[in-house]
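There are two complexes below, and they share chain A, which is joined by chain B in the first and by chain C in the second.
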Partner chain A sequence: MITWLRRNLFRTWWDSIMTVVFGYVGLWVIWTVIEFVFVTGRWEIIQVNLKLLLVGRFPDELMWLVGASLTALAFWVAAVAGGSKIDLNNVQTIPHRLFDYTRRFGLIVALAALLIFLAADIAALLLAFQVLGGVVAGRLVGLARRNLSVLGAIPSIIWHPMLASPAIALVLVTLMESTLEEWGGFLINFYMAIISIVLCFPLGVLLALGRRSSFPIIRLVTTTYIELIRGAPLFVLLLLAGVALEFFIPPSIAPDAIFRGVTVFTLFTAAYLAEIVRGGLQSIPKGQTEAGKALGLSTTKITYLITMPQALRNVIPAQIGQFISLFKDTTLAGAALNILDVLNVGTAITKQQDFLGQGLIYEALAFVALLFWVGSYVMSRESQRLEKRLGVGVR
Partner chain B sequence: MSSLPSAPAKIPIWRDVRVLRWLFQIAVLAVVGLIIYWIWGNYQTNIERSSVQTDLRFLDNPASFTIPGNDFDQSSPVRAAFVQGFLNTIQVALVGIFFATILGTIVGIARLSKNLVVKTIAAAYVEVIRNLPLLLLLTFMNLAVVLQTFPRIEDAWKPLDLFVISNRGLAIPWFEGSAGQLSLLVLAGIVLAVIVVRLERARADKVGRPSRALLLGTLALAIVPVVGWVTLGYTWTLPFVDGRGTSGGLRLDPSFFALIVALVVYTSSHIAEIVRGSILAVPRGQGEAADALALSNSQKMRIIILPQAFRVAMPALGNQYLNLIKNSSLGATISYFELTQIAQITVGNGSPAVPAFTLTLLVYLAISLFTSLFVNYFNRRLALVER
Partner chain C sequence: MSSEVFKDATRMSGGRASDEAIVAMEGVYKRFKDFEALKNINFQVGKQEVVVVIGPSGSGKSTLIRCINRLEEHDDGRIIVDGTELTTDVRNIQEIRKETGMVFQSFNLFPHLTVLANIALAPRQVRGMPKSEAEALARELLERVKIPEQADKFPAQLSGGQQQRVAIARSLAMKPKVMLFDEPTSALDPEMINEVLDAIKQLAQEGMTMVVVTHEMGFAKEVADRVVFMADGEIVEVGTPSEIFDNPKEERTQKFLAQIL
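What follows is the complex of A and B.
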């Protein structure tokens, strides 16, 4: 014990000073946060406005669509994650696994529990179980694909769209059934991120291929696009889309603010994704392509069957990093396009009649921060874990 | 190897790979051209329909708004507003990059400290900040810290009587005299420092002693401005509350303060991860060799590890600098008068949107290109010269 203390905290006199000073600062911060959360924080503002913060003025009778699309999304993600063939020979005891799951997804569960507690509504609890059901079902489907040769034989190009289609269909139905003005709160941030991620992925891969193509004209076009987008601040692009998108499309289409946001996010993230995928393609040894040529495969087949899958796998962490920053950047749309996203709702509720001038901005922003932080943190931890499991570069 | 089928005398043109390649490229070019043509056509129809300006004539119109803190007034042309916004963006970028690098390096090193408390605090800082949206940090700094927590000017905080902190901004001690004189003296200091460092390095190489170039260089850098300042008869001034504002010292706008703090905190959390990764990328043998030479911990870090780590970190650091510059456009959300805010205001005042924002984007592009040139130059200077 003493040795441990000496080794970790009081190695030298300088070390001791650091320990005392930073220990004091750390304790003070922890104490302030605990005091704020449990004593001084006035959380009624969150409780009263919970629905506004999460879904805005979304009509109640359509909430089941949101629930269903969330479930389908959870199903999709769980099925893809469960379908990977990596942890096959990694047998663990059940308590070990439970501990592992708690460490990985405990924060999400805790956040969900907090939201349900705040909502104090049986529907929220049902929704949580519905999503959980989606996860379990997805996991089972993933396992089935891994273990049943019938399902395993389905090529990925059919399998993945098949998994994704319910989620995409439900999101589209939700978009069509409701008017976009009713959307608000965290729902907007979440959906804008999801839709942009799905849309930007094929574009980014095409751009990366274009930039590495042996055709000089295609290289020129894609490189120009990528570099122009990467040199521009996202916020200015969003502002430009806010006031000027209608100049570039036919007058018959009246773009909605959310539509503008999704367009910009897609075009913007595709450029960054292209650079990531290009990095992945560059990391594939030349021998892979040459082996493909030796087998007499066409260039398209070499890319699709040999280099691209390896390249995409190698850069999964970087891709997730890009998607995390897209998720965080959806707040910019709120500022640039006057969308009532969760940050705008968060600052607006402090100006309500009941709460005006009471200095509740800390509470509002803390809640918004919690939503983003848990989402980003869990995603980044998962990507680190994936990086280790894929063993990129350490085999 | 008996009988090869005799090759056809001439490949038919529709199967000639060279022709096909060009045809394919021309087809792609045609599609891109069509898309651009379609967008351009839409643009033409739309501007005719709404009869807005498309050229840069609006730059000569009076700006009809004011930028606090300089002699820019309502009758000045929009052009001057854009120049002022550009200067403010540069100012934020330079100050932000300076502090973010220092803070990020410190936190990055702290994450690898053997001290458990220091290590944990640094890790918590990085993990908390990195996973929050920058706009949230900025809103927090502006609405919660500056506007709500900072006191009114009447009961401003005056820590050590050196600073004046209120919701009207932050005032810090600063030199008395003109900025031109100050920058001249600093320039002289830099020149002297470069000469001193060169001489000291040469001397150290000859004698075979560890060079004290860093120490002597810093001294030279500090001495010239201070001595020059004192001999010119100037001193520094402390800020004090003066009615509804502050006098003396240097006054920082509250929005400038909020923007800088948010940018520095956010970027430093990313830089810390880069620094940590780069230090880990330095081969273990380097540190062990330093130990074997009985270098102290700080010498080991300063002379052996960090120079090699920064060589690895340079490209990623450059990316973060570019991000910081682009993120400074968020200053527009808290009414800091940088480039984006200027563009937004002028467009709101009736300037045509497309040219104004295109101009803004081009300026950012130029800044980005210039920065990457600079980073690439440093990268080449630092790169390991191999056989």
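What follows is the complex of A and C.
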């Protein structure tokens, strides 16, 4: 222990000074956070407004829709993950697996537990179990596809839309069944992010292909689009979507703010994704295309079966990074389009009669940050895992 | 290889069109900007014939066989493969690529697919073969190149020699009428060259029509029906292995052989 300290922290005078200074700063930060969380922080504001923060004024009689759509989403993700044909070769022991699961999902389970504790409501617990049920069911369906030849025979192009459609349908119904005045909270950020991610992915891939097309017109159009979108600040685009549509479409039939937000996020992220995917395609050696050609595969099949899968795998970290930043940028929609998203709710609740002028903005913002941090952390962890899983055949 | 085929093949040299020919090139030119890579190439490959193309680097050997399956587009002349002429028509190109297999110097296996999937891909996607049938075919071909136990591995987990044998099996899966080898052993460690050459020899013995670009002179002597010597984008000399190696007529051939042997 002493030798370890000497070797790693106090090897030279300079090291010793750094250790003392940074050690002090570090301890001070940790202490301040702990003090804030457990001593000085006044979390009643979160507890009282929990429902507002999470789902806004979502009508109680429609809450089942939220549960159903979340469950369908969980089912979809679990089924895709469970059905992946590629498996890491090492056999894992049960403690190893438990450790792995804790590392992957511990944080999200802890957050769920915290929320249930704060809500102190049996409905919240039931919702959690419902979502968990979705995960388990999805995993079983995924495994069944991998192991039963009847299910395995269904081509991916039918199977994946089949898995995704209940989730997408329920999310859309949830969005449509409620009006904007009732909507709000973190759920809006979450759903805007999910829908935009699902939509921008194919669009981004198409744009990337367009930019490499052999037709000059397609190349010109996609390049112009990508460069225009990437040249504009997201916030400005969101503001534009808020006001500019009225010039073209009468306000009575203009889509409401959430759809405008989703549209902007989709178009914006697709442009960035296109450049990421293009980079991935450029990293694939020419020999891959030549081998495909020599076998008699058509250009479309070479792209779809050979270059694109490899390109997408190569750029997973950058893709997920883009999705994470989209997820967090949904808070901008709140400011630009007057959507009652979690950030708007968070600042609004500090102006309530009971909490006004007590400086509770810290607590509100800390809670909002926590929600986003857990989401982003899980995405980033899973992306690393995905990369490892798909990297089995890496040269 | 029967001696009959041997004789038949040796009769065919440059220029004359023949019904027997699987590949025929007439007056083919290929230019890269100002550089003439191929000049007036007249060349034929008969059924079940093994043609080995030799020559110094930059002499156009690879360009020659890459023109046969349109990985390079020729600028002048005609190329006819199995009765179909290579034109800009995409359908013709696809048709010809189905009938020609190619093995590359750098293997070019698909790293994201297992060995089995690498081989089964083209029969399934191009010939529309059912998955089970394509995989059975793939296993049979792996047996033929003597690595059946590697079926479920990924290319990166194999040695260079094994990868190249998978690449051969992958080409054979399309049941091509002619196989093109573009320096198949040049990227291999010395101890792996023979396993690949053996696989190619075995193919030759089974009567596969082949064009092989190689620096392995021993292999050329042993397997070739005809040897083509190229230099500066031209075919300098064509003959049986003994004619080329023991009794070369052209000065450039003599010089080249003196350098390498």
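Just so we're on the same page, the second predicted complex is superposed on the first by the 381 of 395 C-alpha atoms of A that agree within 3 Å, B and C clash if a C-alpha of one lies under 4 Å from a C-alpha of the other, contacts with A are read in each partner's own complex, and residues count from 1 in each chain.
We adopt the following convention: a residue touches a chain if its C-beta (ideal position, glycine included) is under 8 Å from a C-beta of that chain, and two chains touch if they have at least 3 such contacts.
Note that the structure is predicted; figures quoted are calculated from it, not measured.
Trainee: Is A:S380 touching anything from chain B or chain C once the two structures are fitted on A? First, second, both or neither.
Mentor: first
Trainee: Please work out whether A:Q288 is in contact with chain B alone, chain C alone, both, or neither, and reply first, second, both or neither.
Mentor: second
Trainee: Quick check on the superposed pair: does A:Q310 touch chain B, chain C, both, or neither? Answer first, second, both or neither.
Mentor: A:Q310 contacts chain C only, not chain B.
Trainee: Let me test your reading of the model: by the given contact rule, A:S298 touches which partner, first (chain B), second (chain C), both or neither?
Mentor: Only chain C; A:S298 stays clear of chain B.
Trainee: Tell me which partner touches more residues of chain A in the superposed arrangement, chain B or chain C.
Mentor: Greater contact footprint in residues on chain A: B.
Trainee: Touch check for A:V37: first (chain B), second (chain C), both, or neither?
Mentor: Touch status of A:V37: no partner.
Trainee: Per the contact definition in the header, classify A:V243: touching chain B only (first), chain C only (second), both, or neither.
Mentor: First partner only.
Trainee: On chain A, what residues does chain B touch that chain C touches as well?
Mentor: none
Trainee: Taking the complex as given, what residues does chain A use to touch chain C?
Mentor: Chain A reaches chain C through residues 285, 287-288, 290-291, 293-298, 301, 305-306, 309-310, 313, 390, 392-395.
Trainee: Under the touch definition given earlier, write down the residues of chain B that touch chain A in their complex.
Mentor: The touching residues are 21, 24-26, 28-29, 32, 39, 42-43, 45-47, 49, 114-118, 120-121, 124, 127-128, 130-136, 139-140, 143-144, 148, 326-327, 329-330, 332-333, 340, 343-344, 347, 353-354, 357-358, 360-361, 364-365, 368-369.
Trainee: Which residues of chain C touch chain A in their complex?
Mentor: For chain C paired with chain A, touching residues are 69-71, 94, 97-98, 100-102, 104, 106, 108-114, 121-122, 125-126, 154-156, 167, 170-171, 174, 180.
Trainee: Quick one: in the complex, what on chain A touches chain B?
Mentor: Going through chain A, the ones touching chain B are 7-9, 11, 15, 18-19, 22-23, 25-26, 214-218, 221, 228, 230-237, 239-240, 243-244, 246-251, 324, 328-329, 331-332, 334-335, 343, 347, 359, 361-362, 365, 368-369, 372-373, 376-377, 380.
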